[in-house]
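Naming follows writing order (A, B, C, D, E and F), and every chain is counted from residue 1.
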Amino acid sequence: MGEKNFDLITLGEIMLRLSPPNYERMTRGDVFDKRAGGSELNVASGVALLGLRTGVISKLPQNALGTFIKNRIRFEGVSDDYLIYDESDDARLGIYYYENGAAPRKPSIVYDRKNSSMTKISLEEIPEDVYTSTRMFHTSGITLALNKNTCEVTTELIKRFKKGGALVSFDCNYRANLWSEEEARAAIKHILPYVDILFVSEETSRRMMQKDGDLADIMKSYTTEYPVKVVCTTQREVISPRKHNFTSTIYDARKDKFYTEQPYKDIDVIDRIGSGDAYVSGVLYGLLKYDDVEKALEYGNATSSVKNTIPGDLPASDLREIDSIIKNHKAVGPTSELNR
Amino acid sequence: MGEKNFDLITLGEIMLRLSPPNYERMTRGDVFDKRAGGSELNVASGVALLGLRTGVISKLPQNALGTFIKNRIRFEGVSDDYLIYDESDDARLGIYYYENGAAPRKPSIVYDRKNSSMTKISLEEIPEDVYTSTRMFHTSGITLALNKNTCEVTTELIKRFKKGGALVSFDCNYRANLWSEEEARAAIKHILPYVDILFVSEETSRRMMQKDGDLADIMKSYTTEYPVKVVCTTQREVISPRKHNFTSTIYDARKDKFYTEQPYKDIDVIDRIGSGDAYVSGVLYGLLKYDDVEKALEYGNATSSVKNTIPGDLPASDLREIDSIIKNHKAVGPTSELNR
Amino acid sequence: MGEKNFDLITLGEIMLRLSPPNYERMTRGDVFDKRAGGSELNVASGVALLGLRTGVISKLPQNALGTFIKNRIRFEGVSDDYLIYDESDDARLGIYYYENGAAPRKPSIVYDRKNSSMTKISLEEIPEDVYTSTRMFHTSGITLALNKNTCEVTTELIKRFKKGGALVSFDCNYRANLWSEEEARAAIKHILPYVDILFVSEETSRRMMQKDGDLADIMKSYTTEYPVKVVCTTQREVISPRKHNFTSTIYDARKDKFYTEQPYKDIDVIDRIGSGDAYVSGVLYGLLKYDDVEKALEYGNATSSVKNTIPGDLPASDLREIDSIIKNHKAVGPTSELNR
Amino acid sequence: MGEKNFDLITLGEIMLRLSPPNYERMTRGDVFDKRAGGSELNVASGVALLGLRTGVISKLPQNALGTFIKNRIRFEGVSDDYLIYDESDDARLGIYYYENGAAPRKPSIVYDRKNSSMTKISLEEIPEDVYTSTRMFHTSGITLALNKNTCEVTTELIKRFKKGGALVSFDCNYRANLWSEEEARAAIKHILPYVDILFVSEETSRRMMQKDGDLADIMKSYTTEYPVKVVCTTQREVISPRKHNFTSTIYDARKDKFYTEQPYKDIDVIDRIGSGDAYVSGVLYGLLKYDDVEKALEYGNATSSVKNTIPGDLPASDLREIDSIIKNHKAVGPTSELNR
Amino acid sequence: MGEKNFDLITLGEIMLRLSPPNYERMTRGDVFDKRAGGSELNVASGVALLGLRTGVISKLPQNALGTFIKNRIRFEGVSDDYLIYDESDDARLGIYYYENGAAPRKPSIVYDRKNSSMTKISLEEIPEDVYTSTRMFHTSGITLALNKNTCEVTTELIKRFKKGGALVSFDCNYRANLWSEEEARAAIKHILPYVDILFVSEETSRRMMQKDGDLADIMKSYTTEYPVKVVCTTQREVISPRKHNFTSTIYDARKDKFYTEQPYKDIDVIDRIGSGDAYVSGVLYGLLKYDDVEKALEYGNATSSVKNTIPGDLPASDLREIDSIIKNHKAVGPTSELNR
Amino acid sequence: MGEKNFDLITLGEIMLRLSPPNYERMTRGDVFDKRAGGSELNVASGVALLGLRTGVISKLPQNALGTFIKNRIRFEGVSDDYLIYDESDDARLGIYYYENGAAPRKPSIVYDRKNSSMTKISLEEIPEDVYTSTRMFHTSGITLALNKNTCEVTTELIKRFKKGGALVSFDCNYRANLWSEEEARAAIKHILPYVDILFVSEETSRRMMQKDGDLADIMKSYTTEYPVKVVCTTQREVISPRKHNFTSTIYDARKDKFYTEQPYKDIDVIDRIGSGDAYVSGVLYGLLKYDDVEKALEYGNATSSVKNTIPGDLPASDLREIDSIIKNHKAVGPTSELNR
């Protein structure tokens, strides 16, 4: 497997994210912070920060905004080899506006992503060599949900990467504003036969996937109904918009074993967006690097927890930092207060 | 009543508020955030955000600063029809400087409001039609306290609005740096015979108004001594400059009934200034829209709690947000974490 | 005429404008300045600043971005009475990205305005009373160009306002990225029979409108072929992106007379966008207030010149400032250096 | 003379200066740049930067704003030994708002300085030792003009410093918004018998001081009518708000000789405020350090010219920079483009 | 003692501190906050803010960065009389980069201070008069640790100040990245015979100074082994990077008595750096002003606690604020929420 | 040649650049803009922006600052394959401080680059494969000048790349603060036998290289004395710090022909740093892409001129922009004012 060019290729839309600074509102103020984000880019970026080779397949407008996003992707250490540029008159970059929360004000999001260049991606534009170039492929339910075209393209890509020898990772990432539960369920059932590693929240399992029983049973069910090998479910406790607890449970079907650990407590939430993607990146790193579910759990919980403290969607923690966070999390007694 | 042009007209000074950003100090740094604020504008703005028609009577200097304030008032959805412009050489905009707190540092305020244009407002400048144009009139003890002139003008206005058919709302809002307890007590006793809705804190009742007994007795006493119909008292618990709990009690003399609800807990205080005014705006909205003290209480507690999370004096929450905060406050079990 | 509620109503799309601060590029940097803009709003705002009553007809998304725009419109002193809110799932605010120029780098613009809420405006949504509420109606070729729907709605509105007793003002404002010269010519020929005041550049007259001959002949031809009464053509000399000269010529068909004046020289261009709209606002003010083409010319040249020094699309000069700029422009010898 | 503690003590009001950044307007925007300024502080600061020991006599409010000003004064290298703090309830810091210009928009200023703590300064508060502690004393017509009290105190101080052995420098600095020409003329005639070095513009000489004849005659007249030894008049040519030329003429009565030099051409004006005060500081430095009018002229022209490129009132150029600017100004042929 | 010019002189390196704003990372973003800091400057500044006369001995590059630091020192109210300027080609200002933390992300620091001008300070450059000019001298282990030269110079200075009649205060301030525990122990043992007031953490006592037993025994041991009179040990409890508790214990050998008080709880940590130095400044103020260990403890705990809420290394609390914080800390029952 | 991985590899130090925003001074203000820069990175970045594959050899500290630089390099589209990380205790990133100029204030620079990690680069760290991986290698006199080690390493690298089949490009880039003219001359004479493309200013030719005669003779002399094929000399006319003219002359020895063109006039200088490097990048692009000296001249002049309008060292213009600037430069008559 080592001879492949990439450890991980992801597929997804990359958007411009615009946020009022500090706790200002979208409806006021003179300035937006300007950032790049998108679930699958966030995952690729997190894995790249930890030291593996990653790339992202996406379609961007051929204009200054597209260039901004491309530059940011490279800044993150993710390859831009598989970016496709939309030169049509209709080319546009999807946007989302994000506003921070503070109790009792919830964070809020306004999407403006319809008709983005990504929704027009076609199989023909994607170079054939990509399917055999990576050890793992990852995408999420958001990419399926964008429109009918991305649903078809994504489903086909999953098959081709699988055939090309890649492990397939999939995050359900259900978004009620993009599609209905029925549409989501149908589309996801189509791709589950190809998925090796599945990320799905308890709520999504129960509501959208219509599972019931206790969480362990639910998680296990994906591996009995489909050839899924690893199922990951996060447990986030929202004490307030600025204070969370976090841990997760992973089921390893090969060993028929559940893994979890003590939650990270009292996380100072600076920016919650992308912490779920950071979790995926930590888990995938653990699997790609060590093929060890316990390590995957530890990396996932650490990368997700610390992401909450980083402004923007994209993670910003390298391996040294993550290792030190894991070590502190496991430590008993006082640890040094500063990294000098 | 529906044929009146305005639901609420308020009277008060509007100031320029200058604050160092983040947690910087007034004594340092190169920048001030520049905002508009003033207790009665804050109230009018809060009610306008919830969907009613409001205006503010005030006097501003006829210069660029006055224009800034006027523009901001309009931005807030409040009518500028009753703004009066001071073209004299002495025209000035009152200023206050505000610095955030963080335990154990308290927030602090420096006032520079003496001799502002507002202190020179005269009855002759106020158009006669205003007195019959609104369903409710609101002002506060700050306006009485500015100087002898505003005390007289305000007292006269209260009478004229009353005569014009408006309900009169009054917030004691005692400020020790503006006048003594004796002066305040005398002036307020003059206007209480005209007040329908009274806002007064327990501490002000006890110290400035020299009441004693338990809180319920105190609140009730205003309605027996004067024709006050509704008395509102807030309960704020300051855990730290950045963490408050908040609820309130309202006494409805018509039904001889007290209303309260569970406090909002662990409010993330971004900017505490104006949260009292936001409370008034929520209560007045409840009374104006529903003539229902229980709804008034719910709106008041919600608008006040969420205002603490908004930078600046002025509220920024529309009806949809307030309704959703009330719903969450009453909800049992987990609620969605983001507004998407 | 004085009994109408508005002096001017305009119709057009209002967009979010995002610009990198200073001379930073769209492709880099962490921040966008966030402003509102749109040709016809700019015109209404300029006329309001000079003291007349104006409003704007537009359609905005019913979300936080739409609220931001509404608040900004009110901040500018323009009425929000005729704003229509789009509650559909497809609701979106058009965006444009603007980057400053500096020789030899030209300013540049990226548009993302397709499928905006404004393109879906319908006659049914516009209250009938508007057509008789104003002394003048103004729109531009941009509104015609947005899509087939706005072209039809705009054409119909022009007729209705005309019938309602308003003067009709129209700015050709040809944008090659919105439609072809052929499409533009056809649509504009449809509405010219209803236009009283026409703004058209020499280049647009020659290329899009296929006129030839000298400029005077061209300008005059609009008034002979159509019942146009006043034709305005600006002369901008771009010395560099940061230094322009500006004047204009107006032809008054009623007097069969051309008006012009010495150009404003060496204008310090801080932000060129909206200076054409500011010109329209000055001319319309002169016509509305004084019914005097010479005054219209002076106001138009002054409002346009000074707009170049104001960041953002929207003008920011009140009557006192414009009068003082006109006075200085005509002055011989040194004038005071500062406005104290 | 060398045994005195200070080379220069100045007397004047120090204000908070608030300006919108870049070319934003006072009437808009969310931020003010926060700076300290005041004519006589500017002079003391300029002389301190060049290496001499200076202090300033002023009265500041005993609050956070006063502390900010005190800290800034010290930052500038000026002694705070003679600052007086106003602990009264009426204590306030004078403010002025300043907005940049760009052709054809002029810079503009709004003052809010009435009733500031400085206007209440009294002789009793000023320590007796100051009068003999300095080689030179400087103040300006602004200090005379603030109110009747400062006029009396200033006049008395001039006498006491004169008696204490200091040279007296005075800058007419006529401000029409502070007093009438008649009031100014009367007050200044009172103090001219004590002045050694006089700064007066040609326009002020002609209008306020009612002089006529050519400039040389006017300048000379001060030295024949009064015991003035040196008269300085600046020549500023305002090409645009962002481009000035500058030079000056100095008359040395002791030698009966006029000095001038080629103007600094095409000065890039970033912030024009304080460039007159910087001129005074350069001249006084030349006189204090070298007792040489020619050097005073060169330093004055250089310090003034370069001040125009510095944001804020206060100069920021040390001796090395000023010497290098003088050298470049005199140089023939190309000079190095950067200071490395 | 009263006749000395200074109450406190400190010796130490002063650095440029560069930090990403808000919670941005060093590895990203376009801006650094630019501040001055250094343990011994922080101490001098804290004592100056409380009203005593302080100065700092340090060596700075003779360039714009050195000037920035000098100006900031003066801004803080600390004398620049004993700053030495390095005009050599190798002159440089030490730098450190600081990034805030948020649980589970720790704050982190990158140093770039090697070969700074301070490391080349020599005895010859320090004016002889300084040794007898102050009531107290303070330095820390950091200054000893910079390099061999500063270790020697510092040791000699301690002796000279002692001989000159000053009390000697020393803060161990062990930094593992500057020297080994062995080196530190040897150097500190050399200077302890001259120290009157010692600041040492429990961890440093145990590890670097190789003490054991309970804390009281350890603290006492310094006064029995050496002529140390006062030993101070802080107790900081790090609940999270943004929430600390803080108190301290002081042993007074003269009275053989330990002092402590209830900790400050739930301190909102905005910037933790310099809070240890602020503690030293409060203790030294208490000793210098009142020669009272109990007061020293109260001042030390208050100045340290509140420093955590101030951005940057340098404290910003004057005597009035500290006194009010002490009063609140001791108060029972609710206190006023704002400083108006 | 087409089979090589890179079109251009450069070698040089990459520094952190810190600048006060706008026209603020290094000695004041609270903020530094934080950017990456370095002559040879600037060249690689310019060529990458135009569409070729480039990389840079440099040594960076293994810390957060090194990571920031690496990320920025990738953002620019330059490969980080040949970056070497310094894990030693002495690892440091060189810094320079840059302040803008405005007439008569010159831009100024303070360097703090001694002992940076780059100065310790060794041949052993550089992978052997690099020497045959590129069509061209570029470095400058700055890299030779850093210290004795970089002089030796650079000289050896030039030989190895030459041997590996790369063209060698060299920019004299003489910096008087890094070495003497004698040292520079000796070192450069050592490498000229390997140089194909030489960049040298007229002043450097005359002073450091001790050439005389007219410029043409001087340029030609390099090609007769050494096997240099192309000699490039820029002509910059500094009208003021904010206004330059620019062109260049290139001598093609193969054709024995000189090329030049009309200067770019009245360039608006936003940031002059890196415009020389941008020139090199344009020339090298012309040679690499077209092997055409005339095209090289056009690209060089355009990339350099437009770089002056871009904040920071690094260029930001892609091929489309540069082509459009060249087209405008050659155009006769008016061109469009905006890029829409």
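Note that in this section contacts are C-beta pairs under 8 Å (C-beta built on N, C-alpha and C of every residue); 3 or more make two chains touch, one makes a residue touch a chain.
Note that the structure is predicted; figures quoted are calculated from it, not measured.
Any chain that touches chain A and also touches chain F is listed here: B, C, D, E. Counted by residue number, the contact pairs of B-C are over half the same as those of A-F, the matching pair from A-F, A-D or D-F. Averaging C-alpha coordinates per chain and comparing to chain E, the farthest chain turns out to be C. The best fit of Cα atoms from chain D onto chain F calls for a rotation angle of 120°, in steps of 5. Chain pairs C-E and A-B differ in how many C-beta pairs they share in contact, with the greater number at A-B.
Rounded to a whole number, the gap between the C-alpha centres of chain B and chain D is 45 angstrom.
Each chain gets one centre point, the mean of its Cα atoms, and the points for chain D and chain E are 40 Å apart. Among the residues of chain A, those touching two or more other chains are numbered 22, 25, 27-30, 67, 71, 75, 108. Taken as a graph of touching chains, this assembly is complete, with every chain in contact with every other. Those residues of chain E that touch chain A in the shared complex are 22-25, 27-28, 101-109, 111, 175-177, 236, 238, 240-242, 272. By the touch criterion given at the top, residues 29-30 of chain C touch chain E in their complex. Put simply, chain E touches chain F in their complex at residues 18, 25-35, 63-65, 67-68, 71, 90, 92-93, 95, 97, 99, 108, 110, 112, 114-115.
The residues of chain D lying in touch with chain E in their complex are 67, 71-72, 74-77, 318. Chain contact summary for the complex, chain A toward chain E: residues 21-22, 75, 264, 266-268, 270, 302, 305-306, 309-311, 316-317, 321, 324-325, 328-329, 334, 336-340.
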